[in-house]
Structures are given as C-alpha cells and as structure tokens.
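Labels for the chains are A, B, C and D, by order of writing; each one numbers its residues from 1.
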Amino acid sequence: MLLTSKARGVFPIAPTPFLDDGAIDTASIDRITDFYLECGSTGLTVLGLLGEAPKLEHAEAVAVAKQMISRAASIPVIVGATAPGFAAMRALTREVMDLGAAGVMIAPPNTLRTDEQILNYYHQVAQAIGTDVPIVVQDFPQVFQVQMSPSLLRQMFQEIGSLAMLKHEDWPGLDKISTLRRYEHEGSMRHIPILCGSNGIFLDYEMARGADGANTGYCFPDMLCEFLSLRESGNVEAAQDLFDAHLPLIRYEQQPGVGLAVRKHVLMRRGLITSAAQRKPSGTLSATARDEVEHLLRRLARKDPRAQL
Amino acid sequence: MLLTSKARGVFPIAPTPFLDDGAIDTASIDRITDFYLECGSTGLTVLGLLGEAPKLEHAEAVAVAKQMISRAASIPVIVGATAPGFAAMRALTREVMDLGAAGVMIAPPNTLRTDEQILNYYHQVAQAIGTDVPIVVQDFPQVFQVQMSPSLLRQMFQEIGSLAMLKHEDWPGLDKISTLRRYEHEGSMRHIPILCGSNGIFLDYEMARGADGANTGYCFPDMLCEFLSLRESGNVEAAQDLFDAHLPLIRYEQQPGVGLAVRKHVLMRRGLITSAAQRKPSGTLSATARDEVEHLLRRLARKDPRAQL
Amino acid sequence: MLLTSKARGVFPIAPTPFLDDGAIDTASIDRITDFYLECGSTGLTVLGLLGEAPKLEHAEAVAVAKQMISRAASIPVIVGATAPGFAAMRALTREVMDLGAAGVMIAPPNTLRTDEQILNYYHQVAQAIGTDVPIVVQDFPQVFQVQMSPSLLRQMFQEIGSLAMLKHEDWPGLDKISTLRRYEHEGSMRHIPILCGSNGIFLDYEMARGADGANTGYCFPDMLCEFLSLRESGNVEAAQDLFDAHLPLIRYEQQPGVGLAVRKHVLMRRGLITSAAQRKPSGTLSATARDEVEHLLRRLARKDPRAQL
Amino acid sequence: MLLTSKARGVFPIAPTPFLDDGAIDTASIDRITDFYLECGSTGLTVLGLLGEAPKLEHAEAVAVAKQMISRAASIPVIVGATAPGFAAMRALTREVMDLGAAGVMIAPPNTLRTDEQILNYYHQVAQAIGTDVPIVVQDFPQVFQVQMSPSLLRQMFQEIGSLAMLKHEDWPGLDKISTLRRYEHEGSMRHIPILCGSNGIFLDYEMARGADGANTGYCFPDMLCEFLSLRESGNVEAAQDLFDAHLPLIRYEQQPGVGLAVRKHVLMRRGLITSAAQRKPSGTLSATARDEVEHLLRRLARKDPRAQL
C-alpha cells in the first residue's frame, strides 16, 4: 500500500519504546500500534525525528519499522529516512519498502540554503532512492534550518512526481497553507496532502486553512482523531472546545529538548508504553517537570476523561 | 528611579504606535501608557525588539522614550538599547538615562558563541555605557542565536554589578529558572529579578519555578496583572483558569513574524492605539488571519469580558 | 557622479582611521584617500563592514563619508548603508547622496532565507531609499548567512533597475561568476559590474572568470591596481607572479576576527594612517601576530619593494 | 597501537577512492596508503568529513577502515566516527577498534551551543564508546557551527582522560594554539597533540605557535612531510619557501564545496587514485575549474618538480 494523494486524517508519529536498560521494547510497539489503529489513525510514521531514529543501529531501525508495518497492515506506514548521505538513505528505504512501507519521510540537510540547492537535493533524493518510492517532505525550518517558500514547494511538487505529501511544521505557517491551496485552486499546482506537525499546536487553524490532518506525536492521538471527526461532522466549535482543553498540555509537550520526555511520560502513564526511557543523548524530565505534567493532566481530566490516569 | 533587584510584577513591552502614514502617533503613546499604569503595571519597557526600534531614526527613538518616561513617571521605564556597535548604544543610553530611564535592555549580538565571548561582551557593554546604568540581559536564543547556560548567567551577574535583571525567554526554560533560583538558595548567586517574555506562553509554570513576573507585550497586559494578583492572593487555580482561557490567543500572538501584527491589531481593537500600522519591513495580517483573531476574541469573550470588543 | 554599469578596476574598502583615544583621525582620512587616488583606484567604498561603521554615531558616519567624498571627488564613492531598519538606512542614504555619493552598498539581514524573501527585501530597499539611488548588493554568505543563487541574482538585477553592482564574496564563487556571465552572453541578464571582495584571495581566477575588478580593503591596494594593469596589458603570468608573492599576506589578512587588525597595522606601518587603533568591540593583534606580520612583510619585500618598510 | 600524547608529524586525511561507477576502489586504497607510508606520514585518518563517510553504508565503512588499518599497520590509524546518535557511533567504534584502529575522531553536533552542553556531550561520548578508546576532538566551527574556547578545551581535556588529540581547524586559530600551549607551560593543562586541518592553509604559523603537525588531506602530503622535516632540521625559511610555492594551490583546494573535487582530481593526476569520482551528493569540477587546477600545477612545477605531471 503506497502513500497516495488521498492521504488525510491522523498519522501519529510513533515513538520508539525502550525498556529501562535501553533495549527496544517490542511488546510496547505492538501495544501502541494497536492503540493507534483503534483510535482511528489513518496512517502512521515511524523513525521520525522524535522516534529517536539516530540512536538506533541500522538493524534495529529496520526491525522497528518491520514490526510496526506488519502490525498496522491496514494503514499506510511512513518511515523516516533522513540521512546525511544517500547510501544509508537508499539502503534503509529499499529495506523498508520491501517490508511494505508506504513511503519515506525526508528532511533537507541544514547546509542547503537557496531554492536551487533545495530543489536539486530533492531531485537527487528521488533518483537515489528510486522514483517509485513516495516521499514525504518534512518542512520544519525551526529544527532543520532550511526554509522552503510556497513557490519553491510548488516547483518541487510539480517537477518531482514521487513527492507525495507535505509534513508541514513551518512557523508561522498558516498563510503558507493558504498559499499552497490557492495555487491548487488556480490550477498551477497538483493536489498534495498536507499533514501538520509541531505537536499540533496550530492544528485548529491549519485545518481551517486547508490542511488534511495531523502528522504529529502528541500524547493524545485519540483526541486528534476525535477533533478531526467533530470538525468533519460540522461541530467546529465543539471541536475547538476539545482542542482548547488540550492546549495547555500541547504547549507544554511542544517545548524543544524536553518535549519527547513529556510525550513518553504521558504515554507511559496512559499504559501505552512500559517505560519512558530514552536512549542517550536525551532530554530528561526533572521531578518538578513531572509534577507539572501531572498538574496539567489533572486539570485536563476535568474536561476530557481520557486524562484521568 | 533606577531599576533595582526588587523589580517584579508586569513590565509590558510597549509597541511603538504609528499612524497609517508611518508617523509616530504620540496621542496613542499617551493613551496606552495610561492604560499600562491603570491596569497595575509595575514597570515598562520601550523600544524592545517588537517596539520596532530599528525602524526609528535616532531622534525619533529618543522622543518615544522621552514621552513614555515622563508619562509613566511613577514606575521604572527600561529602554531597549541593543545595537551592533558601542557608539550608538552609549549615545542612546546616555540620552535616555538623562531623561529618567530606569535602565537599558541589551541582547547579545548573534556572532557570540562561547561562554567567554558572551561574558566579555557584557563586561565591555558595562564599561561602554557606564557601570552606573542598570542593564537588563535579554536571553532569547531563538531570535538572537546566543545561548547562555545557567552557570554562565551566574558568572555574568556575579562579576558585573550593573546587570540588574534577566529577561528570560529561553526555550525550554523552566529548568533554567529553577537552576538560577537554586544557585541563589545555595548562596552562590545574588538575587536577581527574572521577568519572562515569549508572549507569556509559559508564564504559569515560570512563576511556579521562581520567576518574578512578566516582561512581554501580550495584548492583554491587564490579564497578566490580574493573573499575578490572583496567584499572589493564593487563588492559584483561578489564576490558571484565567491563563488557560487566554492561551489560544497567547499562542496565536506568539507566532514569529506575524506576532506583532496580531498584537497591534488587538490593541487597536481594544482602543488602546489608533492604528495597527507597522513601519516596513513588516509582517502583515492577511484577511483570513484577521478573521482568526476575531474568532479567538469571540471565544475568549465567553470567559473574559475584556475580550468583548 | 552616480555609479554606472561601466564600473571596473579597484574600489578599495576604506578603513575608518582612529587616533589612539578613539577619536576619528581626519588627517589620516585625507592621507589614505590621496593614496587611493594616486595608486590608480577607480572608485572607493567607505563605511563598509570593515570600516567599523556600526561603531560610529550617525553624525560621525556622515562626517567620514563627507570627507572622503569631497577628497575623492574624481571617482565614485560608495557608502555602506546596511542597517536593521529602513529608517536609519534611508536617513543615511539621503544625506550621503546629497553630499555626492555614487551609491550605497547594502547587505541582506541574516533573517532572510528563501529566494522570495531576499527578492522582496531588495524591492523594499529600493522603494525605501528611492529608486534613483544606485545600490551595490553585497553577497557575502560567510558573514551574513544569506545565500543568493545565480538565478536569484539574475532575477534581482532584472527586476530592480537601481541595483547597480555586485560585490562578490561568496565562497566558493568562481563558478558563480561564470554563470552570471553566461546569463549575460545568453541575453537573459543585463551587464552588471562584478567587483570582488574576500580580501582578494581569489582575485586571480575571479578576473579570469569575468569579474571587473576588486572591491576589498587589502593593505596593498596599489598591488591590486598593478595586478589589474598587468593583466590588462597582457602580462597575465607577470600579474600572477605579483599576486602569488602577496598571497601569504593576503591569506593572513583574510582571517576573520583579526583581519582588520592586520590591515590597519600594515596601513600604519606604510604611513597611510597614523594609528592602528580600532573602536571596541574589536579583534586585537597579539605581539606574536605582529611579529608574524613583520615576517610576512620581510619575505614579501624580497619580491615587492613596496613591502620594504 | 593506540593514539598517545606523543603523536606528531603528518596524519593525512585519506579520501575514499571510488571507481567511476561508484564502487569502492580497493586497489587505489592500497596504492594511496602505500604512498602515505613512503612519504613519511606518521599516522593516518580515514572516514573523515572529506572521506565521504556519510555516503558509505555501514559495512562499506568498516571494510574501508579495515583495509587501511591493515595496510598501514606500522602507523596509528584514526577512524572518523562522528554520528548523530550514540548507537551508530559505538557500533562503528567497537568494530574498528577491534580491527586495530588507534582511536576515533568525533566532531560535536551542531545543536550544541554552551560550554556546558559541549562538555557534557564529550563526557557522554566517552562513556558511550568506552573510556579506553582514544578520541580526537575535531574543532572545526566553520563547518560544525560549534565554538570551543581555549578554556573549555582545557576543561574537556583535563576532565576526560580519553580525549587524546585536538584536530585544530578553528579560524582564526593561531592565538588559540598559543593559549593552549600557555596553559600547558603554566601547568594547568596536560600536553596534548595538536594537529592542524583547514587544508594546511595556516600550517606555517600554526607550527610556530606550537602545533605538532598536520592532519589534513591536501593533495601533496609529501610536501607537508618535507615541510615539517625542513623545519625540524632548522631550515625554517627553506620550509617557508616550499610552503609558499604551494599556497596558491592550497588556497584553491581549501574552497568549501569544490575542495574535495580538486583534491581527488590532483590525486588522480598524480596516479595515486584511479578515478576522481565522488558519490552523490557531491561538488563537481567544471571544465574551467579543471583548467585552473592544471594552471596551478604548471606554475607550481616550476618550483616543485612533484607537480610536473
């Protein structure tokens, strides 16, 4: 099942669960994958930036991807394949595509600056991994230090047929979505799925601007699914109420550096993974921060029983 | 009235109001300054990053500072004096101190990297502008690309007597506040006022970690004052409810690039300034973005009547 | 005398001479300006990055520009006008153009990333300072962190009529010059003068690629003039011998941070300025570094008597 | 044979030779390794930044390291092991140490900023790969965007016993070497070998400042060896003459982006590798650039017969 231009809904970014000793926790992989399916996810992304991909050896990365792909066989699974060189990128891509991945997600290296350089890079990537492999472009300037203007994105998607989706986490990015959709309506750009990251902190208005869903690892993916459902069924203000109830925690989890620690802590508290352990180098959650997360959950539980832990 | 180590509360970052033709709007300067005083501000910062300081000619900058300093004579007024060279920095500092400013705020140039370079820079600044002038250190790595660790900040404040306050907008920064306060309790660092920026998006937990208040330009400074009052009188959860009601708008206004346009738009809608005009180069608010702000205000008004406009 | 598309030859970047107490040294301004004229300079740039412009107050900057413009009345004088906001940029531009400047040099702010942002910025600059003012685009990614591809530069120069010259200091940049000249030969770009910076370290091959001359502050501008003369009269290998003799010193002076100290030291040793003093913040020349410069001069003097000091 | 504090001389950075079809060229690996030994190299570094390490799959990287380690059994061989995560770093390190490597070279990730972060990172690295593995610290801010002050380096080397050598390519860096050596003479820092990179462009004065040799891939490593020999035997000016003769080419090869293409081209022209091919993504050498390199070689050959090709 390859990624198509019809992709939409919630594609959670899956964490890589570890046991306290750093070993990969395969039981938790199954448990959280099942949860993603049950709550209505329409796709899944593994080995993303916050999937601690760089901390896995190659064979481990393939094993994690393989397990998630088989377990979530009913939905498309994207595999993060960003790498400093094309050899490793191609090697991982080939293996996971053979295992049934729906495509790969690739962010630009932080040495790129000009439109020309970025465009050339994605042309080279498509050639290197094979033009039959759907590519998700990760547009996250805050982390990758590469900025892609709407007109550059249009050119990239028009020239390179295998670019299949935009993971949008530019900031600010609302007008960027509007511009891309205007291009589409004007007929100068094909339709592409735009799924949004940044922990969903702007998902409310991103959807209003024309995004197709979320592609983020927020610790309540079930809320993201319900939020989209409510919107789709016309209950926009109820959706917004739900979203706003989660915003204090979303904001807290979005903090760079400690965000993943927050996310894994809540997923553990929800019983979805066994341990919040990260492999090093890692941000850690101080005792005070843990208390703050519990405070956020208690307050959230008043409005959303899922947070009653 | 010079800035002292007792500073606390809300020091709004004042915008520079312009008329639609780009001229400085002196009537609005008086109006918004009066509002800051009425709502309980304990200080004021003018010509900050979002005060469009770089777009003012020298004489204009002095005039704006002068007007605000006289109008807000009962509270300390800090003047932004960040500059690429010491000549302009000293010139502006001397003029505004003579006019009654309480101190100046200085951010590090983005060429600094090592602890040694940053420490030397602030030593040189203190010498250049005069060691009798209180300095607010603006710690905003996301914009200035300079990171100061807690131990470096301790060394800076211990070695340089005229450093008088920390404007904290590091991200993530909660543990940073805790560490600085631990230094103080251990006796290895003198007490310094820590006032928080970043549009107040973490103000709730920043206060819990030991911050002394807010130093930001959020469009409802009166909410910030009330939030601190409620906390001080022990109504921590009520304070949090108020804060959470504003969080959707706080988040929206915190967007880099368009944040100032949002802020000026709401201040105008509140009648505090006459026009939302910015001087160029400027981020602009699209029609859709304006609608989104109105939507945020309408939703906020259900919980906070101040937003009923 | 405005800058035209016929500009070529050597436009030295003039230092701002200070006395040991930091006062501007007007006698040295006259002396070095006369030297530039005598040795065959075809233009002059003042208040550039290494002219310590940010360390001058506005009135000082205007005074320095005024003195050099009147003294060098027979050749076009470019004034550096890079500024964080348009108000200061326009103010300085208007004053120096009224005093007879030939144009202004403007580098992009380091917040720009995409082609679109850079293009828009220069459109706004041209509007802000007046489309009758010739602009030199300073293309120096190593310092300004903004990269302009050849195709972007073509678009900028085609769309904005007042862009009058490219100060080329991209690195590596030889193929960039070739590409721009290819555009010109193909008819897709008008002719623009390309003058090269980076202390001239690639001037030999830059000229071969189609550059029109040098726009740099190397401490032997007379060598740069002779080098171009030799090339023009067909003595390319003799020119190269002269250039290679200077290369050890050129390389030494090109070091970021200490380069200006080296330059001012040699200019002082040559009797062209009275003191090597810089205003703070400044790189300094250690005693060992001074010895190294003397060693470089002694070795150079074996091949070029101008270095016999 | 582990790297010790007595390391000195020339440690060439070996390129990874490829055939035109991108396959690893094992014959050339033997040939160039033999050449390094014959010309007097005292060590060797493989899989460095310019060894195209990120373009090799893991198994390939190990194979290249293995072949060079066995072939150069008489001298210490350092293996580049910089990686975004500790899993891959440890895996490669363990394998190559078992194969007889003398140590690994590790550059800091570009996300590090403060002294504290950098120090912690190297502590974690030493723990992760084993404190028995000698580590070469690559100090190359221009590429890695991490600046380490002399006092930080002292602290790192004093606290972490397995740091065994500094690959110095800070720029400007002469005073840095002097400061580190001053620390040593004062007794506040143990002796560490400092070998210099940056294509050797400052090797002359770096040696005078107290460096122990070169650790760079300049296409004439035999010249670097002769240069050090001449210096050691007291012929400092003859050494300098030799160095200056090479400086035009050294400068040309030092260009970022195209430097490796120049280096491989000359090594091919010298018969040391069969093809100048690089794996993608790669900088390429235009026809004009190739002509320029030939011009540089012809001119160099007048003074150094090794360049007569």
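Convention: a contact is a pair of C-beta atoms (placed from the backbone, for glycine too) under 8 Å apart; a residue touches a chain by one contact, two chains touch by 3 or more.
The chain list, named the UniProt way, goes like this: A, B, C, D = 4-hydroxy-tetrahydrodipicolinate synthase.
Given the structure is predicted, the values throughout are model-derived calculations rather than measurements.
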Steps needed, at minimum, to go from chain B to chain D via contacts: 1
Farthest-lying chain, centroid of Cα atoms versus that of chain D: B
Inter-centroid spacing, chain B versus chain A (mean Cα positions, whole Å): 34
Centroid spacing, where centroids are CA-atom means, of chain A and chain C in whole angstrom: 47
Inter-chain centre distance, chain B versus chain C - centres from mean C-alpha coordinates, in Å: 38
Residues of chain D whose C-beta touches two or more other chains: none
List of chain B residues in touch with chain A within their complex: 171-172, 174-175, 178, 201-202, 204-205, 208-209, 240, 244, 247-248, 251-252, 255-259, 286, 288-289, 292, 299
Residue ranges of chain A touching chain D (in the complex, touch as defined): 52-58, 60, 83-88, 91, 110, 121, 124, 128, 279-281
Chain A to chain C touching residues, read off their complex: 113-117, 141, 146-149, 151-152
